[in-house]
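Common to both upcoming complexes is chain A, partnered first by chain B, then by chain C.
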Partner chain A sequence: MLAEVGLAALALAFGAATYAVIAALWGALRHREAFIISARNAALLVFPLTLGASLALLIALMTAQYQIAYVWQVTNPNTPDFYRFTALWGSQSGSLLFWNLLMSGFSFVALLINWNSNRRLMPWFIVYTMAVSAFFLGLSLLLENPFARIWIMPDGSVAQTVFIPAGAEGPSAVRLAATARGLNPLLRHFGMIIHPPLLYLGFVSFVIPFAFAMSALASGDLSTNWIKAARRWALIAWLFLSLGLLLGGRWAYDVLGWGGYWGWDPVENAAFIPWLIGTAFLHSVMIQEKRGMLKVWNMFLIIFTFSAVIFGTFATRSGLIDSVHSFAQSSIGGAMFLFWAAVTLVSVGLTLWRWNRGELRSEHGFAGLASRETLFVLNNVVFVALALAIFWGSFGAPILSELVFNTDISLGASYFTQVTAPLFAAMYILMGIAPLSAWGAGSAKRLGRAMVVPFGLTLIALLLIGIAGTRGGGALFAYGIVMLSGFVALYEIGRSGAARARATGENIVQATIALFGRNRRRYGGFIVHLGITVIGLGVIGSTLFQAETQQTLRPGEALQFQDYSMTFQGIDAGQIAEDGRFMDIANLTLARNGAQVASLRPRHDIYPSTEGQQGMTMIIPGSYSTLENDFYVLFVAGQADGSATFKVYINPLINLIWWGGLILIVGTLISAWPAESAPASVRERRRAKPTAAGVVA
Partner chain B sequence: MAPAPWEKAPTSAVSTPARPGRSGRWKFMAGGLLILGAVAFLVLSGTMSGARYFITVDELLANPAKYAGQTVRVSGAVDGATIQYDPEALLITFTVANVPDQTPDLALALHEAVQDPNANRLQIRVENQVKPELLQHEAQALMTGTLGPEGTFHVRELNLKCPTRFTESGPDQSIAQPAEGA
Partner chain C sequence: MRACNASSRRSLLILAFGLLILLVASLTQAQDGGAAITDDQVNAIARQMFCPVCENEPLDVCMTAACIRWREDIRGQLAAGRTESQIIADFVARYGERASATPLDPTLRGLSVYVPWLIAGALLLGGVGVFWRWRSTQRHVPTAPPADHPPVEAADEAAYRATLERDLKD
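Right after this comes the complex of A and B.
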């Protein structure tokens, strides 16, 4: 029954989205209001229907309806309720449905919020958002249906189909439960539970700014209306994508047991590329708002951000690339590739058409090399260069080599570090300089004067870092340019807060808080820059100064490493967890400079082999975290004589990466928070003197 | 009301400077070309030094002289019976069998490769690495390293893919078997 309900809801959602596209297109082209209203109503139905389909699948997962092949594939009788819930996005067809749910949810909210304020754009907005939704719903319905069921055919063979084949009957519930697969053990981690939804949220929410941009092109309303409507959505999408990337790194660090968090894996890169182009868009769009410049460039940036989202999804879900992240080889690859190509070509074609008609001309030219718009453009060039270099290394070079030279090549991590390090350095330098420059005309002399204090602070910090024992010109240079951008952000906040305090008589804290209230976007942006600075410090420290060792210890013996002493107490073997896995846990005590600081329990999670699949052992690290470093230990193996081998990493500053992520969230939320429509004084006057008609303008 | 002194004068945002003159445009063009050149150089040099042939065991063994001393990436099927692991020395050795470059059913190809007594095999040595949980019988090993003069492949980077886990195997005939006690 649940399968039928889910299937019906999915089919109706697909029908509603398709109808909305046709009706909105007809209404927009023929100026028929009734069709546009009808399209809106159909578009608003897509989300509740997709929600219905998702709830049907969720209930099937929670109530162990193993005849539904998806439920059979991602759960088994040992799966705890929590993982039954998260199994909704644990494999291809479920995650595609979940993707549809999020996308339709965003479209639903954006449609309601912007219906009255952007009437001219909305018919085309419906066309674009619903076309994307219809495509993905179609994939779910026709190629990756999560409601397909398992049947025993009349000849005794097993089949997986959506509708009951003639003469087929359902398998026995006992056999279904006995053979059910269960969720991939790698996905049973808190980071992995929320990393995919956040990444999906980041991916799908970019459809909203993209649809606004395309609506502007299609409708001919090329004012800044689409930017005003799209900017906050782009910020939200960017925030989710940032969080998804950070949590993915945290998952890799906690679960994969190699002491790192980023491996330049093609799928990681596929998620990083839209983040880079999206970041360029968020900066570049300010130039269009302030100066009426870069209109074509901004269109291309949002088009290629969304294009990168679709490409990343295609690369992950089609089996195109080998990666621990990728889904199985799937039939959706061809359809997704065609959709990606069509979206990109149509969008680029539309932009070029408007450009050719002279409707996307810049209203100003570049004033000078030290102006803010020039520095922002440079920053854009760096982001786009990073995106292109990463795309080339992950996809371009291997595919081109195969096509042209009939030779398979791959580019390893060394390519990415060699190419991206100088570009990231340029990004941090521009992040430091650009906020101090002025719009329009700016002089290098003035910029130089503004740099004196942050530069001085950076030199002092470098001196302190040197005194603390950090050596190496490269490391100090890297720390220097990253810290410079942070000090610029702090200096700008501090200087503006002090100026306001002097002018208003408020104390410095009140003045600074008020400053954030007055210009959330600017000062929220500085907080984001601070977050990126903190992340940069973490990346430099953990990359350049990671130390590792390994040793076999008998119970009672200790391993000395830097200022840590790790004592092996013994092994708790054969512990049984709630989900049926066995655990061998090593008990360790950790002391630092003679004082005990932690008890660590690195372990092996052993998933026993079940009918139809091999067993699996995962090595889960133990770690002791401080802001200064992480003591990260892997229990490699235990020996028959009771001894055990451990591998230990000390990862300096690695926690700054996660703390920087939190700062980034705060900054983005400040930036994206809706501004007051009028100053407080005006609102107070309005409250005090209501108009005669009782209408507030 | 005069603008508050802590806020940037709005005029700076809306001033309309003249478009850059010819020398200004040259500066921008020269700067742009310089950046393009620098990025192209970075990407090209990174590609030249970072590119590795991605080959099969057959291709490597057919032409060892061509690949000797070069860092290459080799794909093979792990023979589980040959896996040896010294946890104290963090040394892993095993043998992989040749897997064809293009195969519609990876799990089947891996199984057949390991079972085939005539398939070419390559001895693998991985140092200073904890044994990965996915290093199992009939897993696909993607190994980056160099072929030593003794014919052993010395791996610097080992990635494994286990089809039974990652290819989301669908329902099979085992479901149709009668339940025990039924």
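Right after this comes the complex of A and C.
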């Protein structure tokens, strides 16, 4: 019954989205209001229907309806309720449905919020959001249906189909439960509960700013209306994507057991590329708002952000990453490739058409090399170059090599660090300089004067770092440019607060809080810069100064590494966990400078093989964290004589990455937080009221 | 004649003893050499290679049986006195370019490592060209800020406040 309910809701959602596209298109082209209203109503139906389908699947997961092939594939009778819930996005067809749910939810909210304020854009907004939804709902319905069931055919073979084949019957519930596979062990982690939904939220929410941009192009309303409507959505999308990336890094660090958080894996890079282009867009869009410039560039940035989202989804879901030939064999690879190509080509074509008609002309020229718009453009070039370099290493070179030379290649971390390091350095330098420059006009002399204090603070900090024992010109340079960007953010917050305090007589804290309230986006942006600075310090420390060793110890023996001493006590073998996995746990005591600081229990989680599914062993690390560094140990292997091999990493400053992530979240929330919406009469009165000094208003 | 025989027998004995010592010493040396290969040395090379089974998994961190065998192979080759580049080249010859984190074939190496720099150079040149072209076509467009945005050149308090005020207008 649940399968039928889910299937019906999914089919209706697909139908509603398709109808909304056609009705909105007709209404917009023929100026028929009734069709537009009808399209809106259909578009608003898509979310509740997709929610209904998702709830049907969720109930099936929670109540162990193993005849539904997806439930059989991702759960088994040992699966705790917690993982039954997260199994909704634990495999292809469920995660695609979940993707649809999030996308339709965003479209639903954006449509309701903007219906009255952006009336001219709305018909085209419906066309674009619903076209994307219809495509993904179609994938769910026709190619990756999560409601397909398992049937025993008359000849005894097993089939998975949505509708019952002639002569087939359902298998016995006992047999289904006995053979059910269960969730992929890699996904049984707290990070996996949050990481995929956040990443999906980041991915799908970029459809909203993209749809606003395309609506502007299609409707001809090329004023800043679409930017005003889209910018907060872009910020929200960027926040979710940032959170998804950060949590993905944390999950890799805690679960994958290789001592790091970022492996430059193509799947990670597929999520990082839209983040980079989206970051460029968030900066560049300010130039269009303030100066009416870069209209074409902004269109390209939002198009390629969304295109990168679709490409990343296509690459990770189609098997393209395994082999360029495998995506064509996957059920959704061909369709996704065509959709990605169509979205990109149509959007680029529309932009070029408007450009050619002279409708995207800049209202101002560049005022000078030291102006903020010039520095923002340079920053944009760096972000795009980073995205291109990472795309090339992850997809471009391997695909070209396989297609042209028939040779499989994969590029390792060394390629990415070599190519991206100078670009990241340029990014931090520009992040340090640009906030001190001025819109429209600026001189290098004035910029230089403003840099004196942050530059001096950076030199003092570098001196302290040098005294603390850090050596190496490269490392000090890297720390220097990263800290400079942070000091600039702090300096600018302090300087503006002080200026307001002098003008109003408030104390500096009150003055600064008032400034935060006056322009949340500006000051939230400074907090985000601080977060990126802290993350940068963590990345430099943990990359340049990571130390590792691997040794085999007998029980009672100790491993000395830097100021740590790790003593191996023995192994608790064959422990059984609640979910049925076996655990071999190594018992270690850790001392630092002679004092015991922790007991660590790195372990092997062994998932026994079941019918039709191979067993899997996961190596779960033990770690001792301080702000200064992490002592991170892996139990590599145990030997018959009772000895065991351990791999130990010391990761300096790695926790700054997670703390920086928190700062970044706070900053983005401040930026995205809606301003107080006072009634028009109150706003009028406020505008009319003269102020003593502009800045203190 | 007997003295001569005794002398040559003694010389032979000394020679044989010397050879024995040399043999024992070289065997010990060889054994020491084998035992001296640490996991860290193996991992330093394995880090530059990929697992043959798992996609994009560095060899030094992968725990599959295939990777453990490969690491033991590296240990054996190190013990035999082969260098890092010889070992990686050997794996590439046996298993293909995918074994190495950076292609060894000069064409593929050029394609993967140098192309991004060429693209970046072309982008930069193109960007500079577009910028100059843009500047020349924008000369008729007002470059000064709008009327309510006066240019700020001086670094005094009032100028800074004016700049800040412009920034605060959202």
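Note that in this section the second predicted complex is superposed on the first by the 658 of 697 C-alpha atoms of A that agree within 3 Å, B and C clash if a C-alpha of one lies under 4 Å from a C-alpha of the other, contacts with A are read in each partner's own complex, and residues count from 1 in each chain.
Just so we're on the same page, contacts are C-beta pairs under 8 Å (C-beta built on N, C-alpha and C of every residue); 3 or more make two chains touch, one makes a residue touch a chain.
Nothing here was measured: the structure is a model prediction, and the numbers come from that model.
Asks: Quick one: on chain A, after the overlay, do chain B and chain C clash, or do they fit? Just give me the call.
Replies: clash
Asks: Could you look at A:I619 and tell me whether it touches chain B, chain C, both or neither (first, second, both, neither)?
Replies: both
Asks: After lining up the shared chain so the two structures overlap, which partner does A:W72 touch, if you call chain B first and chain C second: first, second, both or neither?
Replies: A:W72 contacts chain B only, not chain C.
Asks: Would you check which partner chain A:R181 touches, where first means chain B only, second means chain C only, and both and neither mean what they say?
Replies: A:R181: touches chain B, not chain C.
Asks: Mind working out whether A:I150 is in touch with chain B, chain C, both or neither, as first, second, both or neither?
Replies: Only chain B is touched by A:I150; chain C is not.
Asks: Just to be sure I read the superposition right, which of the two partners does A:S443 touch: chain B = first, chain C = second, or both, or neither?
Replies: So A:S443 only meets chain C here.
Asks: Looking at A:T549 after the superposition, I want to know if it touches chain B, chain C, both of them or none. Which is it: first, second, both, neither?
Replies: Only chain C; A:T549 stays clear of chain B.
Asks: If we overlay the two complexes on their shared chain A, which of chain B and chain C does A:G570 touch? Say first, second, both or neither.
Replies: neither
Asks: Quick check on the superposed pair: does A:P48 touch chain B, chain C, both, or neither? Answer first, second, both or neither.
Replies: neither
Asks: Pick one for A:P80: touches chain B only (first), chain C only (second), both, or neither.
Replies: neither
Asks: State which residues of chain A lie in both footprints, the one left by chain B and the one left by chain C.
Replies: Touching chain B and chain C on chain A: residues 257, 291, 322, 364-367, 381, 385, 388-389, 392-393, 397, 401, 407-415, 418-419, 438-441, 496, 499, 503, 515, 518-519, 550, 552, 617, 619, 636-637, 645, 647.
Asks: Residue numbers of chain C touching chain A in their complex, please.
Replies: Where chain C meets chain A, its residues are 38-40, 43, 48, 50, 55-56, 58, 61, 63, 68, 96-98, 101-103, 105, 107-108, 111-113, 115-117, 119-120, 123-124, 127, 131, 134-135, 138-139, 141-145, 149, 151-155, 157, 160-170.
Asks: Touching chain C in the complex: which residues of chain A?
Replies: Of all residues in chain A, those touching chain C are 257-259, 263, 265-266, 291, 321-322, 362-367, 381, 384-385, 388-389, 392-393, 396-397, 400-401, 405, 407-415, 418-419, 438-443, 446, 449-450, 495-496, 499, 502-503, 515, 518-519, 521-522, 548-552, 617, 619, 636-637, 645, 647, 675, 693-695, 697.
Asks: If we count contacts the way the header does, which residues on chain A are in touch with chain B in the complex?
Replies: Residues 69, 72-73, 91-92, 150, 152, 156-158, 160, 171-172, 174-176, 178-179, 181, 184, 257, 290-291, 322, 324, 326-329, 364-369, 374, 378, 381, 385, 388-389, 392-393, 397-398, 401, 407-416, 418-419, 422-423, 438-441, 496, 499-500, 503, 515, 518-519, 550, 552, 611-614, 616-619, 634, 636-637, 639, 645, 647 of chain A touch chain B in their complex.
Asks: Can you list the residues on chain B that touch chain A in the complex?
Replies: It comes out as residues 4-8, 12-20, 24, 27-28, 31-32, 35, 38-39, 42-43, 45-47, 49-55, 71, 73, 85, 87-88, 90, 101, 106, 128, 130-131, 133-134, 136-137, 142, 144, 157, 159, 161-162, 164-179, 182.
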